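The same chain A turns up in both complexes below, where it pairs with chain B and then with chain C.
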Partner chain A sequence: MPVLSAQNLSYSYKTKYQTVQAVKDVSCDLNAGTFYALIGKSGSGKTTLLSLLAGLDTPQSGAVLVNGQNLREMDVDMYRRKQASVIYQSYNLFPLMTVRENVMYPLKLLRHSDAGAKNEAQDALKKVGLDESYWKRLPAMLSGGEQQRVAIARTLAVHAQIILADEPTGNLDTENSAQIIGLLSGLAHEENCCVVVVTHDSEAAKAADIVFRMDSGRLKEETA
Partner chain B sequence: MIVFFYEKTRLRRGVWQTASIVLLIALLCAFFALFNGFIRQKERDMDETYTAIPVTVAVSDLTGTKTDDLEITDYIINYFLSDQYVYGGELQEKAFSSYVKDVYLKASVYYSFGAGFSNLRKLSGITSVAAASELNPLSGEPITYFAGYDESIFSSDKAVCVVSTAVAEELMQGKDNNGNVLLTVQMAPAATGEASTQIAFDVAGTYLSESQTIYCPFSCVAAAQTELDGKVTGDSLSATVRDNRKLDEFRQILQRHFAQVDPSGHREEIDTSPVLRYHPFAITVHDEMLRETLNALNRNLQTLYRLKPMFACMEVMIGAAAGFFYFHIRKREFAIARSLGTKRLEAVLAVFAEVCVIFALGSGLGAIVLLFIREAGIYYGMAAALFLAANAGAITACLMATGKSGVRLLREVE
Partner chain C sequence: MTPLRQLLRQPVRLLAVFLLLGLASAFFCLSAGVFASAQTTLAQVEESYVTIGVPTTETKDVETQYNGLTLHHEESVITDEMWKYLDGLAAEGTIIEGGYRQKYISAYSSSLQSVTSGRQDGKYVPALDDPYDRAIFVVRVVSAQVDPPMEGTDLVNATVTAEIETAVKLHPDYELRNNLRFTVSCNSRDELDALDIAPGKRYLIYSADYIDLDLELRTTIAGDFRCDVSDIDLSRLSYELTAEEMMTEHPDPDFKPVAKYVTEDKTMLLSQKMLNQMNACHLTVNHFNGMYPDDRMAVGIDGTETDIPLNECYLDVYMTPLDTELDTFLKSDEGAEWLEAIHELDVQYHSVSVIGTDLLESMYCFHQGEAFVTEGRSFTDAEYEKGACVCLISESTVMASRLGVGDKIDLSFYWGPDPLADITAPEWKLQPQMYSQRAGLMGGTQEYEIVGVYRQSDLWDTADYRFLPNTVFAPNASLPEDCYSSRKGVFFTYVLQNGKVSALQDALASQNYPTNILFCFDNGYSEMAEILHGFYRSALQLFFAACLTAVAALSVFLALFVNRQRRTLGLMLSLGSGKRAAIQFSWRVAALPAVFAATAGIIVGILTMNVTSRSLLSSASEVLNTSLSSAGAVGFGDIGTKSISMPVAVIAAGVLQMAVCSAAAYLYLRRLAQKSPLDLR
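Showing the complex of A and B:
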């Protein structure tokens, strides 16, 4: 059974001048242990589709199934806490929390003790290559690549089954991009996660097991 | 739990932001308390004005031009001196005299000291030298008291007197063996046919004047008049109002017994009017200074009362705006928290907790500032309104940031 399915998803939104049909009747099955790339032109609906899969938006028609269960019938907050994790291009770390506290935050949401959350956060940070010297730094003291690693560590710490990344390498140089893509690929293949990456980066698309192309709100599978 | 985790890091590291809003809350609390204290001070001033400014009432003729030599009848005098009086055939519960204190009375007889009677030789009995100057010629004059005497002699019933320097020498030479001055007194200056009596006075002091009037306690003249005429007739009468707050009440009672002063009053009209004849005297309430002061204070107070709700509204709006913008600038943080699975209620609780801490610190700081200012009037209702407004603003910002449009912000690349 696919870990995440989209069934005939449609979503539109209104701007000042028009109604934009961002996602049109999209269906797909996404499995654990697979690294997906979602490519397409700007405004093709990639990010909107990712938001629908993350439960950050609600489709006007169709359904998102998580392990066969309709997301509408689930507690979306708990879904985001335990099962799905979103990584953004602009990292989105809490600016006044240290690196370690940022990773601890989702664990505290899951009611881990301080000590337990701290240990798990530290393990996750080590896995993304951030040693002890980084743990007490604030995000502003880190480079873009390092901040994105913290965001990935935050995902790793909660052992999310589904990782949805919205242009995670968009702000990074080639070297850092390759490292981040390597980490995400590792999460799919070693941690058995379902990783979906929205990207314009051809290298990221090359690393994917399956590539989807969005075109004017419609989804089409391409050969990786 | 997550609320505590988030707020612990937030308050610890966002010190300057927190300090700035704490300071703003402290200023708002302190400002309103100071403003309120200012109003209370003005109210106290108003209260003190009632006691600090004396109001006198003075009996005059109906035109208000004559306040001395009025021949005030004894029942009028009794209004001011007796605990009870009869009006309309009934004993009045609230005695006329309960509204006044320090009744200043003057009554006179004519004296002779060897050289016969004259219009100029008056023996005036007064209750105090503190009476208004138009009623008491001694007021303001420097009196030299002899050893063992002071101005309290006028409130006593001793036969003592104060004489002018013009007649002092003559009187001193004519002292009897006991050192007293023996005066023959009668009701009218004309000598023929008048009953007379003698009073032996001890001279208590002198005043600098060419006048031949001798002043003694009112009780001495009252006793002499009673002996000679069977009643007391006053020259002038004034009194101080005991409680100025009851002035209007007192004025109503005065209107039953005295006519209104009418400077244009015509004697013939007064004589032919049954109403005015029934009221042979007018009374003037000297409350000009009190009214002017109270009016000025009242105008100030009314302005302050009008400003108070405006300031309150302004503070509430500032509090709400401060609460809103303090959290609105952190909308990305709330969106991040929401995207990680934080419930909106948890975000709202975190905001509420932070506002509580900020408000506790702010109002505490404001209270410390006010400790050094005496005239502060802490107004808890305003503090509560400010607290609610700050929370309303803060929670609105939080709800906006954690809504779907708020979370969409995370997708925008800065």
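Showing the complex of A and C:
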């Protein structure tokens, strides 16, 4: 059974001048242990589809199934807390929390004890290559690549089954991009996660097991 | 990851927000405090100041024709038409708030000891001591002389000198003198002859108008020497007069100096008449029972005639030969009525005037501070309304009676045998009525609590609006219905709306009435009110500016600080924290600076409020170019430097600002949380 399925998803939104049909009747099955790349031109609906899969938006028609269960019938907060983790292009770290506190935050939402959360956060940070010297720094004191690693560590710490990344290498140089893609690929293949990466980066697309292309709101699978 | 830690990690922003909100809060709190202070001060002044209009006692000579005769009598310059117009204004209420009428009645209380003018050094005025100057003595006649008969009357007088053997009843304020001179007034020659007044004989006399001639002499000398009566030592008298002293001119052409009172600084010449006053006293003996025609009936206080002959209202005692011991006589049948006379004077010495009022401060003396409460309090509105049995007593009566605030006294009301005759006499100065054992006390005794003690600047001043110290004040409604009242002197005052004196004068002028028929006293309210209204306007403007500043600061706070929480809020939501938890966390971060700022604002507001109020007040005073000197006369002298402090308003303003900022931040964050987390990034 796919970890995550989209069934005839459609989503439109209104701008000041027009109604944009961002996602049109999209269906797909996404499995654990697979690294997916979602490519397409700007405005093709990639990020919107990712938001629908993450439960950040609600489709006008169709359904998102998580392990066969309709997301509409689930506790969406709990879904985002425990099962799905989102990584953004702009890192999205709490600016006034230290690196460690940022990673601890979702664990605290899951009611881990302070000590337990701290240990798990530190382990996750070590896994993404951030040693103790980084833990008490604020995000602003880190480079873009380091911040994105913190975001990945946050995902690692909660052992999310589904990782949805929106252009995670968009702001990074080639070297850092490769490292981040490596980490995400590792999450898919070593941690058995379902990793979906929206990207313009061809290197990232090459690293994917399956590549989807969005074109005017419609999804097409391409051979990796 | 507490909100406080979040804040401390952005010290510059925290400081900026704290300064922004803190300054706005301090300004808001301060202005609220000043505004409340102005409002309260103004309200208190409105409440404390009473403007009164005292009707003039001026009279005019009115000529009338009766049976070909031209009759003259005095009438008040205030005509019935004027009274009607003034009462109309009082009913309307816009210029005159109302008319306050005092009531009068006499009362006996065994707990109260009356005081006389003889008690106070240098103030002895025998006429004011009526009716406490009634006495009963056993005397031995030294000489007696029948006065020439008076035309048109059967009354026969005899002038008697005697030695006082025993003072059976004498007011405790008076000293007993050895030499007595008295006039006995009999209703007929037969009555006088029956007394058989002769030197060496003993008599029991019931007298009125006791005059301590010795004290009168000492008071005269003390007045001349400007010293205390107790300092007068009559052993300083010298009878050796110089020729120059014998020739000294005196305003009284009959004055013949025979002695002099000498001190180191001054000499006073004395006549023989004055010397005769030494160790002497004088009184009058009247036989009231039988003095009036048989068909003259007693008249009640309402002016209606009763069916009791006036003669019967008096005991039939005045002077009787005493051949036995006093005790033996009093036990005899003849002495029974004398025992009643003794009791009559017991009651008299413990009698007072009771003045009922609906507003003590409406009375001229209390309004102008010539009489004031020194201990305890005045009456409350509820006491006036309910007619509570509470009273104010003069300081001298309280001291003489050894009473104090909180003590209770029983009052038994009474009227004298001929009340209207006493009250309408020109020499009547609100003294209690003469008590008559035959007329007795009115039924029922009422217990009154002493709630206050008053003092008068001059106890024995007899001006129209004054009262003597044996006067007890009580709420009008607590007194019996049968009381006396009028529109004169202490009995009537109009209370004006504050600041309406000019309006009243204009109204009177519009009717072509003299504007001086009411003397208005506002204790400087008009000047004070002008300053305070200026203060109030300034405080209002300040408060308005502070409100605008607070709104502007709130807008900046929301736009530049609360709005910055949107990213944290969005991230929390995207991580699945739930709206409520995310809003609460962000709200705490946003609200904490508002709490700190409001607290600081309250502290700054309290510390600077009084200085600012004072400054605004003095500015208002300078702008209006008026002084506060008149306010000082009525106890508001400190208002220029110390308006009423209102820290509660400062605290309330701070709490309000804190609440508004917190609520606005919460609503703003809640609105943000409705958006998709993606839109909040």
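Keep in mind that, in the parts below, the second predicted complex is superposed on the first by the 224 of 224 C-alpha atoms of A that agree within 3 Å, B and C clash if a C-alpha of one lies under 4 Å from a C-alpha of the other, contacts with A are read in each partner's own complex, and residues count from 1 in each chain.
Here, a residue touches a chain if its C-beta (ideal position, glycine included) is under 8 Å from a C-beta of that chain, and two chains touch if they have at least 3 such contacts.
All of these numbers come straight from a predicted model, not from anything done at the bench.
After superposition on chain A, the partners chain B and chain C collide with one another. Of the two partners chain B and chain C, more chain A residues are in touch with B.
When both complexes are overlaid on chain A, the residue A:M141 reaches neither chain B nor chain C. Of the two partner chains placed around the shared chain by superposition, chain B and chain C are both touched by A:M78. In the superposition on chain A, contact of A:D57 is made with both chain B and chain C. The superposed model places chain B right into chain C at 24-32; the other stretches listed in 24-32, 132-140, 204-212 or 402-410 stay free of clashes. Touched by chain B in one complex and by chain C in the other are residues 51, 54, 56-57, 77-82, 86, 88, 90, 92-97, 101, 104-106, 108-109, 138 of chain A. For chain A in complex with chain C, the touching residues are 51, 54, 56-57, 76-82, 86, 88, 90, 92-97, 101, 104-106, 108-109, 138. Listing the residues of chain C that touch chain A in their complex gives 1, 6, 9-10, 567-568, 571, 574-578, 676-678, 681.
Residues of chain A touching chain B in their complex: 47, 51, 54, 56-58, 77-82, 85-86, 88-90, 92-98, 101, 104-106, 108-109, 111, 138, 154, 166-167, 170-171.
In the complex of the two chains, the chain B residues touching chain A come out as 1-2, 5-6, 9-10, 13-14, 332-333, 335-337, 339-343, 404, 407-408, 410-414.
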